[in-house]
Amino acid sequence: MLHQILFIIFGLICVAGAVNLLAQRHPINSALSLVVVMASLAMIYLLLGAEFVAAVQVIVYAGAIMVLFVFVIMLLNAGAEERTTGSIIALALGVPGVIALGALVGWTLISHNQQLGGVSVGPTNFGKTQNIAHLLFKDFLLPFEITSVLILIAIMGAVVLGRRES
Amino acid sequence: MNESILTLVTFLPTIGAVLLMFMPRNDRMLRAVALIVSLVTFGFSLYLPIQFQHGVNGFQFQTDKVWISLANIHYHMGADGISMWLVLLTTFLVPLGVLVSWKSIHDRVKEFFVLLLLLETAMIGVFLALDLFLFYVYWEATLIPMALLIGMYGHERRVYAAVKFFLYTMVASVFMLAAIIYLWAAATPHSFDYATLRQLIAQGNISTGALQWLFLGFFIAFAVKVPLFPLHTWLPDAHVEAPTAGSVLLAGVLLKMGTYGLLRFNVGMFPAQSQHNAAWINTLAIIGIIYGALVALVQPNLKKLIAYSSVSHLGFVVLGIFTFTQAGTDGAVYQMLNHGVSTGALFMLAGMLYERKHTYEFKEFGGLATPMPVYATFFLIAVLSSVGLPLMNGFVGEFLVLSGAFQYKALYGILGASGVIWGACYLLWMYQKVFYGEIHHDENKTLPDIDRREQISLWPVAVMALVMGIISPYWMKSIDPAVSGTISQASQARVAPAATNLSAGGQK
Amino acid sequence: MNPISIDQYVRILPELVLTAFGIAVMMIDPLLKPSASRRPLGYLSLLGTIAAMGATVVQMHALATDPSFGTPGWFGMVRVDNFAVFFHMLIPAISAICILASLEYLDTQKINTGEYYGLILFGTVGMTLMTSAVELVLIFIALEISSIATYILAGYRRRTASSTESAIKYFLLGSFATAFFLYGVALMYGATGSTDVLAIQRALAPGTPSLLAYVATALMIVGLGFKVASAPFHVWTPDVYEGAPAPVVALMSTGPKAAAFAVMLRVLFATTGTGWFALIWISAALSMTIGNFGALIQNNVKRMLAYSSIAHAGYILVAFAAQNDIGISAAIFYTASYAAMNVGAFAVVSHFASGGERYVSIDDYAGLGKRAPLLAFTLTIFLLSLIGIPATAGFLGKYYVFTAAISAHSNAMVWLTIIGVVNSAVASYYYLRLIVMMYMREQTVAEPPTPATPSMRLALVIAAIATIWLGVIPGRTLDRATQGAADLRPKTTAPSADLKAQQASQPATLVK
Amino acid sequence: MVPLSWYLILSTILFCMGVFGFLLKRNIITNFMSIELMLNAVNLSFVAFANYWHARAVQGVTPAGVEKALSGQVFVFFVMVVAAAEAAVGLAIIIAVFRTRETLNVDRVNLLKL
Amino acid sequence: MTDTLHLWVIPLLPLVGAAINGLFGRHFKNAVVSAVALLFTAASFAYALWAVLQALHMQLPYQGSVGTWITAGNFSAPFGFYLDQLSMIMVLVVTGVGFLIHIYSVGYMAHEGGYYRFFAYLNLFMFFMLTLVLANNYLLMFVGWEGVGLASYLLIGFYFLRDSAANAGKKAFIVNRIGDFAFLIGMFLLIQHFGTLNYTGIFDALKNADKFPIDQGWGWITITALCLLGGATGKSAQVPLYVWLPDAMEGPTPVSALIHAATMVTAGIYMIARSHSIFNLAPHALEIVAVVGCLTAIFAATMGLAQTDIKRVLAYSTVSQLGYMVMACGVAAYAAGIFHLMTHAFFKALLFLGAGSVIHAIGGEQDMRRMGGLRKKIPVTFWVMTVATFAIAGFPPLAGFFSKDEILGAAYTSPHGGHLLWAIGVITAGLTSFYMFRLWFMTFFGEYKPGAVDVGEEAHSPSAPAHPAHAAASHSHGHADDHAHGHGGVHESPWIMLAPLVLLAVLSFTGGWVGVPKFMGGHNEIATFLSPVLESPGNVGAERLQGAENGQLPAKEEEHAREEWILAGTSVAAAALGLFFAWFLYYKRPELPDRITSRMHGLYLTVLHKYYIDEAYGLIFVKPLLALSTFVFWKGVDQGIIDGMVNGAGTASKGIGNELRRMQSGNIRSYAAWVALGGAAVLAYMIWLGVGK
């Protein structure tokens, strides 16, 4: 019961943050709304018992990535967004499309409610860092290692694209 | 030798083309090498009729090697009485094409002859391929060199003509591809082999509805190539714009690929469907005969007139094929050869005139018999051959076709025979426009008559036009059995309607 | 305990080799003068790609000698089977030709940063890994490696508005699509409890899959469809290809696409039970039609080829839709043949574009046949192949695709084939336009073209030979593609394969 | 007990909000943030499913091992890594775009079209 | 079939001559050219004579084959030659008259350009004509049939610089082709029913009366016969295809003599006679043959009345005489037809050659109104022309009398004929006599008046509609100009021209004596000679034809003879009447014709313009056809509909492309919208699919 209440609270905060992200015209506000979303998601992860993920969520997402965003917003001195109407299609086709998409997925999930059952957070080792580490450094060793290449090219890309004009 | 002669004949020109590609840009040498290569090819191709076992039905000189084993694609080549002579026609016309291009092509000479020789390979291959995949490869391969020849060396509207030619044929032949693949998939084990597929269809393993579509798939590809009314409008444009050698080969050989295909594949493989569709096909053929002639009659342009005359003449061939009678189909095959010779000659002659006048418009000519008597004589021979004068080649084919058509259905024979009148009309009109009357343009008074090279290129066709008109049995002895083998199923399929037709045309 | 044997390393040998060379490139780059040409790095990375192909040969050998090699390695992460090996050979080869074509391009465009080659090499790592990965985690990461590398490469001419626009479009939409893919993966995980492709396959095989699996498949199709540029997820392609540097387009229209198709094959055939047939059918028909008709009116060569690549994706999807072994091998083969011709075509474009990519309009190609015969000739071969003229890779690929379609013995596939052949006929028009320009029109560009450098010539000749080779003697390649297809379809689906064979032996019953 | 579908529907809502953001926001950076929102939504699904499957594995319902059932969580980890890398590259690209066009309005980035 | 006679040599000899002259003649002197031409023609004549003499002792018909020409399946046509009484006459007439005309041409063409060409063509003609008459099957006959058409085309268009000549040649060929078309159909019918085109094959089969009864209706035999008639109509210039022959006079005069009078145009009669077995079985066809012949005869004769061009008069006369011959065939009097064919060959050749001599004498003038009084100036020509004129008019005992009388008699008595036919024949005879004597008087009597008539005068230019400026006074460039110089006044032709004239005059005089009918005490040798071939009434075929009711004819022989005398008298009277009117109008009162013509201007013009038949053909067939081809077919269907559709498909494709690429707005958000929408669609489908399961 407590779980449910907490879920509803943080869920609402999530959705509110997302709505605010959409509603705000200035990117910095949007960015901060996103941080809110992420933070409350971290709470939900905790509700699910995924401690490690919750921690990483806060550290990597809210901490690193969003800082980067804010930094770039500052760097480019981005102002409030213009009200241009470059895309009627996005409104006319995209929005109904997304609503349909969401409705369909949602309908599926609801209709599968019985099948899926509930989520219980009991005394399992579900979110234990140790278990995840086991998985990460054994079964998922190769992806983990390969991630280095990913990060390497990300760095290279940032360097190449962001380099000052010579 | 018997095994490899077809490969040799087919790919000698390719070897020559590769050779040319790596030669320095010395135009004289390039021409000479191209001529030698084409002549050597012709020489080797003569091996075929010499070694051919006449009077035997079936393919000879066969070679059958696995090409792409996975899809059971074979390099299967073979010649019967029909294809052998069409190959000969090709190898006979290409050296002439080289000769007539001697001076008229002076820019990008190397590319020209490379394309010409590649075209030769593809054309020969089309007639010899017995694997449908291989056939399609050759079939499409003719397209590019020809389109390039038109587009690169043609006249004012060459690009339009080249693109039109390409698209027309391309669009049509993809349907054939679909049909070929369908047949492949229907065969167990999958196969592209002509004989296998023919048998497959004969066994009745494919539903009638599917067969009808397959028939149409093949038919449309061939009908465009022939070209059968109303799919013919690419032809006048292509011809008018093409360089002389291009026109010669286009009319002489490429159109025959269409009729050859109709005979070999449509009639040969789909006898029942051929019967079933014969009525409208023959109607189109007859419309083509008359329509082509009538339109030719009012052309203000020499080459266009000849082009429309091809529409008319090829109508005879199609008519002959779809009568499924021995005489008609024999005549159609013979007419293919004849048309190659006579229309080839006409295009060569038109080209020579173009070299002198740089136009094909009739109003620029007139009275040329006076300054150019030798030329006029050759032209007359070509015209007469085309008109179908007895003792010239054209007559034999036309007569047999019409006789066959008459046996098939009297009305076809009668309507077709009216083409005889139209042919005379437009060809004589053309001859008169060019050669008779007074000279209205002063520069025409001093036009040089054809020189020795041009004469050398014209003599072979003139002689062939006569020889083929006089000793046709020489050809017929190999064509006859091949034709009877090809149409046997179709003519059997016709037994029932035949009786009614005969009585309709006969006693009443 | 050392669970990681040498065997395991052989399974990722090409990736290791490429990574090593990539690192070497990055290490040497700072040693060169900032303004100096990065040609040496290019040669080094070329060596790297060749070495990667060598590594693939080692894999082939291992595969041939050791039957257990084809089983998943790295704790079920990668599976180097014939299917993967095919792409392991193909993708480094594509990269090699792109590098060859880039050598000259970078000098012409005065780009002096070695990261270019590094990105290509690392990107290649991602692409090759995509083809052998059987775990969605690894697939996702490899996909991202290849994607991010190409995002960056697309914006490599960062001083040009079009190039950066290309990059941002590609990046934003790519990430957008990736999110869909990821959502699909998540739902699939939810439906099956695993992210292992083989496990998913096992989970879905018996009985009817849950509705969740259908939703998951749909979302994954969206993501993968975007990557292979199939309609209606193709919209980004023309803009991105037009703006990106030509050699990069050569790469990204072939390499990542081939890899994405590989992933698509693996993933979709793992979820066969969800019946995506009609979707692929529609997507194939749409792609072919939109691609070809859209290309008809383009005046920019790169954009035209972009539309054409949409169309070609459509042809490959036709093979998918056939849902049989021939279809898979046809799709595999088509990626190879398409790579050969398209890389070549873009290589020519990149040479002829000149400094600042000035000459990319079709009209600029007028008279090229006279000015640069070799360039024009090779481009003609590529274009003919793209049209699908026999004796070229394009024809055989197309033929094989249609064969697969018709072998499926369903009327829907026959119709798809007809749409396909008609489309390929329509397509011939715009390719022909370029040929016409080159050979049948007089020159309009005043500037004489710079002669192609030997490396460019080499690239073109290799691509041309590959194009002809695949068209004339495709036997070996086709065999490999077939083996790959066989490996992709595990024996669990054997009964249905037998059924197909049975049906094939009685065509009469099917076509009636 | 919170029904699993609650988490999933929240995930769906967030995902759709992300998509809306991408479709409707004019600022490129905000667009990019919308994508991050979508990724977060996906992550939520992953974690929820991971929990679900882990519970099933503990019950011994699935053949996959108890440990392997956690792969959803690992996936989230990798998604975050990728998101970070994407952010680095994406923002670099945004900077490059800004340099060439002096705007961050996505509607004005339409040089290439038709 | 051993070919001991080697008949193929007969046609081949002129061909060799033609080949030699054609290929190398350009480099020869005129003398060499003529020597070659004459040599080979003479050799051919001599060989033919030898062969005929040999064959008379052999079993006829004699056949020889030198090989197969066309073969397809069971059908085959050989290069086979055939000699029987009929072809004997034909071959001798052709080679004999041909040879004479060759000789004449040497003189006549002496100053012409293209001398070698002329003789090459002439020899070529001989080759084809001989092939025609010697062939042993219809197909080979068709070779000659078309071949002579070709030669005719070439020779008519000999003065090709003149548009009228070129047009005339073309017209001849094309109109002949129309006939050939019918002939072809006839052959197809024969193939269909007999499987062969060999004479023996067909005629032997036809002897089987059970299998081939007389076709009283309109069965295939009648159709076949009519098709063959169609062929003959073209070649022998019958109604309605006669129009080419008058125009054919554009050719050099010897050509008119040889081809358009003596030999080629009679091919149709030969063919009908050859095919009499078929015609005999088709009474309806025979009736039509008779009607066609009769109509042609009277029609052409009336048109001949008003012509002022000397050659045109002769041309219409030829058409008219050919009508007689066809009429003869139509009443199953084939032998009479052939007889008239032979005598006509003599006197009409003579007339043309004589006319040529006249034209030659006065420098190329062909308009009779500018002649006159030439009797004294060119006496030899005058005398031979006199013989010919009397012969054609049918005065006894000249050749024309006997043959014409034979035909008229047959027309009167034959069951197919009737009195109407006979009456028209007699009227025609009178008309013939009138216009021939008109020619005779205008040319040789009165005063010589060169330049008497304005050339441009509309009413006096009765030429083909296509080229009104010519023909009335066909001043040819090649011909007239060459003659104009060096001929100060009127002069007699050289002996090389006169010698053949004289010979022909003798033949025209005596040629009829081989056919003196029985009632005149003769033996009608020619009919007897031909009787084994031609089953004329009284023979087997006729019995079958007539049945029993006519069986009593021989019994009333005496009455019959009296009747025949009356008939002969009538026709002579008609001729005399013609002579009288001609004398009165053109000798006695030469101003009267003008008055009459101006009184009956419309009628006169109609006759002068040949009833406007050419114009009608032009208006009804040619012009609409050309317009149809140009505007409906070429510009309409070809360029409009078909190309319009093709180009339209192209434009439409581009239009579709244009619409499709509007998807590509360049806006990222729109692109995302497409992706989202597509995603929704995919999702919807998949869920539908999933729910459905």
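Order of writing sets the chain letters: A, B, C, D and E. Residues in each chain are counted from 1.
The rule is short, and it goes like this: a residue touches a chain if its C-beta (ideal position, glycine included) is under 8 Å from a C-beta of that chain, and two chains touch if they have at least 3 such contacts.
Note that the coordinates shown come from a computational prediction; the quantities given were computed from them, not determined experimentally.
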{"item": "Chains touching both chain A and chain E", "value": "C, D"}
{"item": "Number of steps on the shortest touching-chain route linking chain B and chain C", "value": "1"}
{"item": "Innermost chain, taking as reference the mean of every protein Cα atom displayed", "value": "B"}
{"item": "Distance from chain D to chain A - Cα centre to Cα centre, in angstrom", "value": "5"}
{"item": "Chain D-chain E separation of Cα centroids, rounded to whole Å", "value": "97"}
{"item": "Centroid spacing, where centroids are CA-atom means, of chain A and chain C in whole angstrom", "value": "31"}
{"item": "Where chain B and chain D are represented by their mean Cα positions, the distance between them in whole Å", "value": "65"}
{"item": "Multi-partner residues of chain A (each touching 2 or more other chains)", "value": "86-87, 90, 94-95, 98, 101, 104-105, 108-109, 112, 139-140, 143, 147, 150, 153-154, 157, 160-161"}
{"item": "Residue numbers of chain D (touch at least two other chains)", "value": "8, 15, 18-19, 22-24, 31-32, 48, 50, 52, 68, 71, 74, 78, 82, 85-86, 89, 92-94, 96, 106-107, 109-114"}
{"item": "Residue numbers of chain B (touch at least two other chains)", "value": "167"}
{"item": "Pairwise chain contacts under the document criterion", "value": "A-C, A-D, A-E, B-C, B-E, C-D, C-E, D-E"}
{"item": "Partner chain C, residues of chain B touching it in the complex", "value": "67-71, 108, 111, 133, 136-141, 143-144, 147-148, 151-152, 158-159, 162-163, 166-167, 170-171, 174-175, 177-178, 181-182, 184-188, 190, 205-207, 209-210"}
{"item": "Complex contacts: residues of chain D adjacent to chain A", "value": "1-10, 12-21, 23-27, 29-30, 32-34, 36-37, 40, 43-44, 47-48, 50-52, 54-55, 58, 67-68, 70-71, 73-74, 76-78, 80-89, 91-96, 98, 104-108, 110"}
{"item": "Contact set on chain B toward chain E in their complex", "value": "164, 167-168, 230, 232-233, 236, 291, 294-295, 297-299, 325-327, 330-331, 367, 369-370, 373, 377, 384, 389-391, 395-396, 399-400, 402-403, 406-407, 410, 413-414, 417-418, 420-421, 424-425, 428-429, 432, 435-438, 470-473, 476-477, 480, 484, 502, 505-508"}
{"item": "Residue numbers on chain C that touch chain E, as the complex places them", "value": "168-169, 172-173, 176-177, 180, 208-211, 213-215, 217-219, 221-222, 225-226, 231-233, 235-236, 238-239, 274-276, 278-279, 289-290, 293-297, 426, 429"}
{"item": "Footprint of chain C on chain E - complex, ascending", "value": "650, 653-654, 656-658, 660-661, 663-664, 666, 668, 670-672, 674-675, 677-679, 681-683, 685-687, 689-691, 693"}
